[in-house]
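Labels run A, B, C and D following the written order; every chain starts at residue 1.
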């Protein structure tokens, strides 16, 4: 499959005004490279402060990267103006965490779904109406006519998120960024959205970048997975191999921390790394993870940043434990 | 005789749409040293249950009845003032949801922890502060945190402070409401380990409220599942996690994506019920995969299964 | 939130309902005034002393009699353009005008006057006679006037009293004095010289010689008829209007000021003016403030910096002193007042709107809409604007009383626009002429009360909007 | 230190405000020709005096005219009337900033000085005294009433009070003043209708002070009545907002007595915004003082402003506009400091 979205050494700095004339730089994303192929799905997993959300926003070009290149279908869109991004905006869509906040509460379902069509001047009113009802059927909000005039506050979380999916879908995009799409939804409805994604991916060949803190849902939905820590990717690989054989100590800790409904859990404490992820304003030198790492090698990990090395087929990690 | 016995507790809110039930005839018992998990999805009434026990309900409560028997005294018969003086925080305390804004932003952390103790007659400030320091140490916070303001702490640290605060009087029972919902998984695991240790070391009784069945398994000896303001199933953790009986509990369990196994997570079709217009019969009936005629018309009572487990489902209506 | 829902919440509260009721009242009165009053009421009437010449000065409202217990003479103007009857005669017609006056007061009138307007004649000048029929059956000749004859070379028909009417102050006129002296002699046998009657005319014509000591005349209650007879010598001859004024010590619904102006008319005119000042200022301020705030918050960068700096400065200026200064120097124009209020008013709103927009900037709503490819304008004014619209509406309502109060305060300092009477100005004229210290409460209290009413209307509406803006208060 | 930078930034902005107001005033005066007219009048006044005194010594009318013309040119140069107004602009600004406020034309100080600085300064304390007293009373009343209403939001008491607060906000100070004069001075004769002291002030410190209090009563009541409505309302709203925060219910759940929760968890947290809004409103009431002082003939800056406007005394008006802005800005700056002291969240950002 052809490469759809390519991120080459992407870096993103934020300026935080600290004093009258000086500002602090926060490097939210630090030299990240990623390739998303057509019809593929990559999960970006990390804790808060890992830069995963920033990476997602960069992938949609909602932010201009400070360094590196961003290519969509081979076209450089790193610094393209909003006007030149029109085509990209049509082919790349986003689904965001909070389905209540990401949808205009002043619009009914019909208006919400019509908006992308209006923005990109698609079709006549009749064509648009047809497209809207098609999209609603696809996200299983039926009977369509019941939902069209409703406002989002009358819908449940799962239904709202499906409206958001419908809106992302209606322009027939090639790429969808899903930023924590199920974290605000009740556990019993999460799988429904994930199945919907999977169905759309298989049916329309849409590529997904799935940004989440929840390695379990990512593990189910994504074929590949990237684990981020403090702005850097520390491990990347095919999901099956990454979850079964996590190499990076951070990935291992992350997987260990995920609770599973097992009654024996309460009898013993879970093995967990100590401390919290440090502030990205002053990242530690060397490997970002070394202050919390159980396998920390003095004089090595705290000096030089480890490079990504292959540890298996289609599986690599940035850790000195693996030569 | 349990430490806390709740019988037929009801709590409703008066809203523009009329009277909306939040807790609808809930009964359960917590024994000393035992942890009960209340698991339910948003709107199931878990947090209302907690506020009913702690008497921190919002103003628009219209119906607040039942029996809350705590260490032998019926809380509902106590006046607000008596409840505050005798029970609240001293014998029954709480760790609140959303640690982010549960701390007073203008008071130093140490003082907030020590505050209830400072008000006790006969306790010297020095003593109270020493206790607070010690508690902060127990929740693995460095001593300097004592002199910090809440906004200088991370979410995980604040949650630890909240736990320390709940322990200041060495209470018999702690209600813990979604302690980790805003935290990252690793921090969540740290906090759960901490709670587990306290439970063991202090023989604490805990009422653990969460939407996450997997998280409940970390701490709870028995689990109650709430749906639409009712407890629809309650039993020991083993039973509930290995062999849930109620269709809702079953679905809830298999909706959790597992990392270790290759099973597909499942989901429940439909939306959670609108509490202002509950369906007739069983509240879960419109989404239930085992629904039959009786479910549509009659609201099921709690059936006690031979193992002692309670299920509110007509499927078990003939097993007495 | 949609407009109907907003209205519903607004009207669900007591304050909102009261405010809406007051607003209806303000609008109704304003509409009435706009349809009835001329636009240049200020110049043509209010500030034209001639219009008010016949009125009593500093007269309290007529209804105050109820409280004082004493029946004060109510100022009454009798005017007629058409005769009540025409008595044909040989070679001449008599036009008769009659006015009925039910005199039921405890005191004599303060004065009486008589005026003739627009007289046209062809051959001989008309003769006009003013008679008073009293309840004791006696008839009194008050005044007789022969219109000035044609001058040399004057064209026929001849017009008289077109520009300014022929006005006679009967209470002091010398012919009236001798007529009244004659009446006294004839009817009551009193022999007095006309000059002794100076200042007593009103007491005599509405009275009879008193029996008690110390008082020369007692008020005679009852039905009087004022009769005006005009003898004309040609069918084409006409009399435009005859006016008889019974000078009272109380006047109309709201009394008069030191110039005899009917305060009720001025107060009524103040309604649309106050509404105009308040609404125009509030609407324009809100539009500019909102636009700038959204622009500043969403665009960021240089636009933001420029707007923010301007706001920082303008919003920190103490308004009233600057307003006073500028109006004093640049001239007392209502437009100018409104302009200045707008210039110094928008930054406050802009700062608020900007901070709200900043919250939305990083919101998922804006991000997701941007990701759809929506233009900045669409995001700013289709999405962000609607999110903050209830707040902006509340702010607009809140601005209205501020503008009304500012103008009133300015007028009170004597810096009002003289061509447009406002409540503040009416109060000012009362204050600066010492009405307060003379106790002319009817002059100073009602205009202030109306300012309070108008301002309060909008404050109440703002209070009613509270649950709309702050959903936590909704119940 | 970010704390100091923040304060410095605010200070700079406020100084900018002062400067802009000044320039605005001076430009307005210049561009409308007002300043030209005033200076010409001053110059010709001087010339007239000169003519009279010279006429004694110089008999030759031609020579007299020559001398006078020369003197006139000199004066015009001195006042910079020979050049367009904007050349005088920097000089005017400099003079005001350095408090070199010049001479008043007609307004005089109590002891007859015509120096604007004298006139303004002797009035300054009177205004500050009046406004500060009223502000303190208003704030205390607001703090007593606001939280009480917030704790009973939606009740009959709250609704009735809201009506009353709306009335208070809608009340213009000057009208309230007139009302009180009519009622308490004219009708009941309880308080004097104006002024700061009796015509013949009583002897002795305490008697004098009581006399002052007696005279200040109505103006202070007026200011309090018109401003405490919005103050109480602001406090009510802020308390209401804070009371919804979850840490307040935590405080209650901790078993703290209600009064303590109200004080420590609501009022203390809301203190910073409350103080800011209330004080801002009061700083704005310096404007209201102009009207109140006018009504009560209180010899403060506001009354002076009114007198100066009536007498069209340019230099006094400029100076007063400048002073009002200055006071306002000083008040705002003290607020900033106050805010920082009250809110630890800001301090450490």
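To be clear about the criterion, a residue touches a chain if its C-beta (ideal position, glycine included) is under 8 Å from a C-beta of that chain, and two chains touch if they have at least 3 such contacts.
All of these numbers come straight from a predicted model, not from anything done at the bench.
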Q: Please identify each chain that touches subunit B as well as subunit C.
A: A, D
Q: Could you work out which chain's C-alpha centre is the most distant one from the centre of subunit A?
A: C
(Q) Averaging over Cα atoms per chain, report the distance between subunit A and subunit C in Å. (A) 69
(Q) Nearest whole angstrom, what separates the Cα centre of subunit B from the Cα centre of subunit D? (A) 57
Q.
Centroid of subunit C to centroid of subunit D, CA atoms only: how many Å?
A. 33
(Q) Residues of subunit A that contact two or more other chains, please. (A) none
Q | Multi-chain contact residues (two or more partners), subunit C | A | 475
Q: Within their complex, state which residues of subunit B touch subunit D.
A: 54, 56, 84-85, 88-90, 93-94, 96-98, 101-107, 115-116, 119, 149, 151-152, 162, 165
**Q.** Complex interface listing, subunit D residues touching subunit C
**A.** 13-14, 16-17, 20-21, 24-25, 28-29, 32, 34, 153-154, 159, 162-163, 166-167, 169-175, 178-179, 181-182, 186-187, 193, 237, 240-241, 244, 283-284, 286-288, 290-291, 294-295, 305-306, 309-310, 312, 317, 320-321, 324-325, 328-329, 332
Q. So in the complex, which bits of subunit C are touching subunit D?
A. 13-15, 18, 309, 312-313, 316-322, 324-326, 328-330, 401, 405, 408-409, 412-415, 427, 431, 436-437, 439, 441, 444-445, 447-449, 451-456, 459-460, 463, 466, 470, 472-473, 475
**Q.** Contacting residues of subunit B [partner subunit A, same complex]
**A.** 35, 41-42, 154, 156-157, 184-190, 192-193, 196-197, 211-221, 237-238, 241-242, 251-253, 255-260, 264-269, 271-272
Q. Can you list the subunit A residues touching subunit B in their complex?
A. 47-48, 155-159, 186-192, 194-195, 213-217, 219-220, 243, 253-263, 265-266, 269-270, 272-274, 276-277
